[in-house]
Amino acid sequence: MQRPSGRRPDQLRDISLEAGASLYAEGSCLAKFGNTHVLVTASLEENLPSWMRGQKRGWVTAEYGMLPRATHTRGRREAASGKQSGRTQEIQRLIGRGMRSVVDLTALGERQITLDCDVIQADGGTRTAALTGAWVALKQACLVLQAEGLITQNPLKAQVAAVSCGIYQDTPVLDLDYQEDSSAQADANFVLAQGLGLVEVQATGEERPISEDELLSLLSLAQKGCERLFAAQRAALGL
Amino acid sequence: MQRPSGRRPDQLRDISLEAGASLYAEGSCLAKFGNTHVLVTASLEENLPSWMRGQKRGWVTAEYGMLPRATHTRGRREAASGKQSGRTQEIQRLIGRGMRSVVDLTALGERQITLDCDVIQADGGTRTAALTGAWVALKQACLVLQAEGLITQNPLKAQVAAVSCGIYQDTPVLDLDYQEDSSAQADANFVLAQGLGLVEVQATGEERPISEDELLSLLSLAQKGCERLFAAQRAALGL
Amino acid sequence: MQRPSGRRPDQLRDISLEAGASLYAEGSCLAKFGNTHVLVTASLEENLPSWMRGQKRGWVTAEYGMLPRATHTRGRREAASGKQSGRTQEIQRLIGRGMRSVVDLTALGERQITLDCDVIQADGGTRTAALTGAWVALKQACLVLQAEGLITQNPLKAQVAAVSCGIYQDTPVLDLDYQEDSSAQADANFVLAQGLGLVEVQATGEERPISEDELLSLLSLAQKGCERLFAAQRAALGL
Amino acid sequence: MQRPSGRRPDQLRDISLEAGASLYAEGSCLAKFGNTHVLVTASLEENLPSWMRGQKRGWVTAEYGMLPRATHTRGRREAASGKQSGRTQEIQRLIGRGMRSVVDLTALGERQITLDCDVIQADGGTRTAALTGAWVALKQACLVLQAEGLITQNPLKAQVAAVSCGIYQDTPVLDLDYQEDSSAQADANFVLAQGLGLVEVQATGEERPISEDELLSLLSLAQKGCERLFAAQRAALGL
Amino acid sequence: MQRPSGRRPDQLRDISLEAGASLYAEGSCLAKFGNTHVLVTASLEENLPSWMRGQKRGWVTAEYGMLPRATHTRGRREAASGKQSGRTQEIQRLIGRGMRSVVDLTALGERQITLDCDVIQADGGTRTAALTGAWVALKQACLVLQAEGLITQNPLKAQVAAVSCGIYQDTPVLDLDYQEDSSAQADANFVLAQGLGLVEVQATGEERPISEDELLSLLSLAQKGCERLFAAQRAALGL
Amino acid sequence: MQRPSGRRPDQLRDISLEAGASLYAEGSCLAKFGNTHVLVTASLEENLPSWMRGQKRGWVTAEYGMLPRATHTRGRREAASGKQSGRTQEIQRLIGRGMRSVVDLTALGERQITLDCDVIQADGGTRTAALTGAWVALKQACLVLQAEGLITQNPLKAQVAAVSCGIYQDTPVLDLDYQEDSSAQADANFVLAQGLGLVEVQATGEERPISEDELLSLLSLAQKGCERLFAAQRAALGL
């Protein structure tokens, strides 16, 4: 089995996480997984949506978008079509859940952090690059809150990162690019919390069902991949 | 550990699948998982959406909705608010993918089957009840197509069913009802194809991450549960 | 003249009003007029829309929807198309007006009751079945309010029910089913308050205008029909 | 009983129907019922909506709108709020049905006439003024079609007009203005075809139900009122 | 060079500004520039949009619409299509800015005036006719405020009017009608404040770029035209 | 007078135009005017919108968007709010007109080029940076068309660029950044075609009207600025 990308089955693409990529946002990260580039900003707002007020805790949410020509062929601009696609909503819900899984919302206080994940260029794995970068942006924003004395305690309980895996020509492989993804037999997105375990898995047998052994192999690849992503996150922030 | 429902960890709720529940639809099923009741209709349309035409194959898609007072408190009617929620879209995409995983779209010919899954009453697990019932409705519609000579070959490669599992007080349990679901530490939805394996898994650590062993235990429960659901599907259709 | 349904001109279809058909709603009714089945729930909310607040009175409103395959051919899901049709809005306004015509809004106090009327299966006359069932659901919800001591006085001044009539082959007939309705020369929907008179009439000459005598004949049929519906409403609630 | 307007019970407001009020439209009419002013244009389009094509017949439809400050207090602009209200849709459907009741759609040929009814100033009875003016505009457009030889036969089978009636202080009165309408016990809109009878009635007991005798009195007033409106329509067109 | 309208290059169309054209609005003006007819109403509302409250100043805004058959061929009704076009928004923003350029918002107090500009008939230059009429309606509403003692000081610092100019067959001309506009090489809309200068210019080279000299000639024509419009505004209000 | 940016009145910010910034688009440019960064992609589509077909000519259009946190405070995502703001539409219409002013649509053939202008970071002047970069992207796409032999003739008649000017403390200055723009007395956006003249000007007196002399000074600054932008465009493409 030869991957189209020439990578070994357990090899990530070149990963780059550039913290502070935005001039204005409280936290930000330009996350690159090979040719997939996602700009994530963390925006701090001192007021909460009305349904969250008065509960002595904050909220962390995510929004996701893709520039119309981030992909091989131009997609319709969601702002012009007047609604976000099911895929967009699915992804932003996944990122939001992933972040909240490691946030102590009470320690955050009555404020909201919104993570805007905008795909500048897409070559597969945009949701996992977005989620991995989102943690960097979120951490940076939390450090700002602590530096300014707005909160006294670190609200982040752990690192969280995500990576895709798939079954390509009956072999489990790590971090699919677009070409691999479009001919994979199955793919799976894993969200892991560092030192804690599996936060979320979404696995789909596109061309054929997945066996139990394959699921475990995919999980094992994801664990390896996320360890490297956790290291890259810490490096990006100088932690 | 005592489940709020009093069931054993590996016990499904009372399952009822009533095929032919609709007077007009080509296929239909009223699926009940305990107090969760979903009416599924399969509607056959002889023309395809424009982007599917001329490819000598058909399409199977799903739509999902919930009556405003299917739940303990009234939810806003999506037709009145003018859009389907992210949750709704996520679920109907899941059901559509699950169905298509066992359909030979070429054998279906250039026609579309739409599976409308409407939740009459909700007590947890609406998406898994919907998907399990959708297969019954879809099969019934395919039998109509064969009986009328519109297709010559059975387009369904296997049965497909779904069930939720979760970790409740550190114990893996099968088929959560609403009360169990709202206090579970983690939950997972499994879609299985009979005799083939895992079509889709979506697992989320709500309160805490999931370990590898727990994931395997949940999968094992799902396999047991789906075997019973496959039997119920066959019984509903007299197969 | 022979009606397609074989009924006498002044004969209703088989009527069934099942109170308490919903597990959660404060009031509910599954109303069947022959093959037309409408599930009505009455949901009590302790806060009012902002424009109604502070006036020391409540509000009763209705929403109407039809499952996509309630009919012979599948209709588009209104939640997916992003808006309610003119027909839907016309019907839900009619039901709301009909209910409010017999409610003492001051006796209700500052709370709202929403009547969700969802058509599970349609064979003509869905608005009249919905309205007739809505009164049962509304009454049940009011009895709950009284039983819980939230209100001290019965806010319902009278029963209200509705039935359609039409001119079929120059003969006035009662309670049209779909087949009769689609070939009727004229049709009319009557809403009557028990012991009080005509709350609303909407009559349309589809194929030809209606004479004054015919209008009176239709009204007379409606009066007969509603008397039977009033009896069925009382029976459903054991009153 | 003294009407707020000082009119006799069976007296219309000053009626003015000005045909040809628009520079560009194939037919048009500025209809004034007292201070209620509605501009109606009839626009001829040589292509039909897709669902009407190939049936060798045409279509007549209506749209209705109200300038935001046509009324005592400013209403929200429907184009800005992004949807037409239920009331707007109810009215434009009524006008469309009323017009089609007297049109031979086959004689019209495969073309569409759209009647835009825009309320410049509103003092009650906008739907009846709109419908009465719409017939003038429609007739004018049909005369254009005949003059240009596009059709050979008059597609209009009769005149159609509309008027409101109501019960004010227990007395049936004709053609309510806004002040009368807002304190009437009941109101009714009648659409009549000249020489043929009742095309549509929509009667509502706002404050109390309507008796059978009252319904007949209202119909009798409407017949008188429409006779005068038919004469005004003919005069406006010089027929 | 002969203008299609037969006018001299610096000649306006027949201008008519009828103040008080609406029965209900606090201020109003029916503005006619030849066959272009725009009804403007100024509606006073004592509460502000939430983002303006508590700042001890008011707000002036404009909305613009066109009746579907104001033009040679029918355009789609924006309320039916569910959104305002880019052109509509561009125009209403221009009118709002033009009005606010001469309003002392503090002197207005915490209230809002909305200028609804509805085009009854369009023959080119609808935005300039609307803006010119809007000043008359706004002034009338301010006089009402002063007469009622709600404000003590005139909030309008100057008159403001607008006119279009264009380059037709290489000659600068004033106040284009539709026929001239559609074959002009360039067009420009000027908004001027009486005695103060240029409030806004929007010039576009449709067929070819504009030279510096031409821009000055167009401005000079606009100055002449606006002087006459300022006089017409004063005459309309008897000032 | 000292500009907040410390620049001379006629000094542009640091300009950078990076052609080919996108991996997939037929043409692209990352345009930076100081801290304002806009990514423009030119997407070639071989089919036209239906209203443009069969006319033996092509179309060039533009869309504009801003990432939610491109600015100091987070703005709402237009895809989430379900519509594009008036400002967005105004800008994308301006860019489209500017591009089309130099395109020979017949030479382009029956195909469409869409220019997506997405603001990654905003510090004033986003529309002028977008338009200047859009020409680079458009030129690159046209060179591709020529290289592939799809067109034989260069469809671009000239270069086009844009720059903002303003009156700051009574002095005309070139290329306002956000801080200067928000306290300028007036601002103006100029679009110029190289060697041809003024394609569009939009000037607004924000704080006070603009005199004729000032308008000329602003135009003169814009001419100087655009000459430098034209040179930068050529350098970016190696022309």
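So that you can tell them apart, the chains are marked A, B, C, D, E and F in the order they are listed, and the count of residues begins at 1 in each.
Just so we're on the same page, a contact is a pair of C-beta atoms (placed from the backbone, for glycine too) under 8 Å apart; a residue touches a chain by one contact, two chains touch by 3 or more.
In UniProt terms, the chains line up like this: A, B, C, D, E, F = Ribonuclease PH.
Every value quoted in this text rests on a predicted model; they were computed, and no experiment measured them.
Listing every chain that touches subunit A and subunit E alike gives F. Steps from subunit A to subunit C, minimised over paths through touching chains, total 2. At the far end from subunit A, in terms of centres built from Cα atoms, lies D. Of all chains, the one whose CA centroid is most distant from that of subunit F is C. Between subunit A and subunit D, the centres computed from C-alpha atoms are 59 Å apart. Centre-to-centre separation of subunit A and subunit B, using mean CA positions: 28 Å.
Each of the following residues of subunit A touches two or more other chains: 82-83. Starting at subunit E and stepping first to subunit F, the chains sit round the ring in this order: E, F, A, B, C, D. Of all residues in subunit C, those touching subunit D in their complex are 83, 86-87, 89-90, 92-93, 97, 101, 192-193, 196-205, 208-212, 215-216, 219. Residue ranges of subunit E in contact with subunit D, taken from their complex: 22-25, 28, 35, 39, 41, 43, 45, 63, 65, 67-74, 77-80, 82-84, 88, 114, 116, 118, 120-121, 123.
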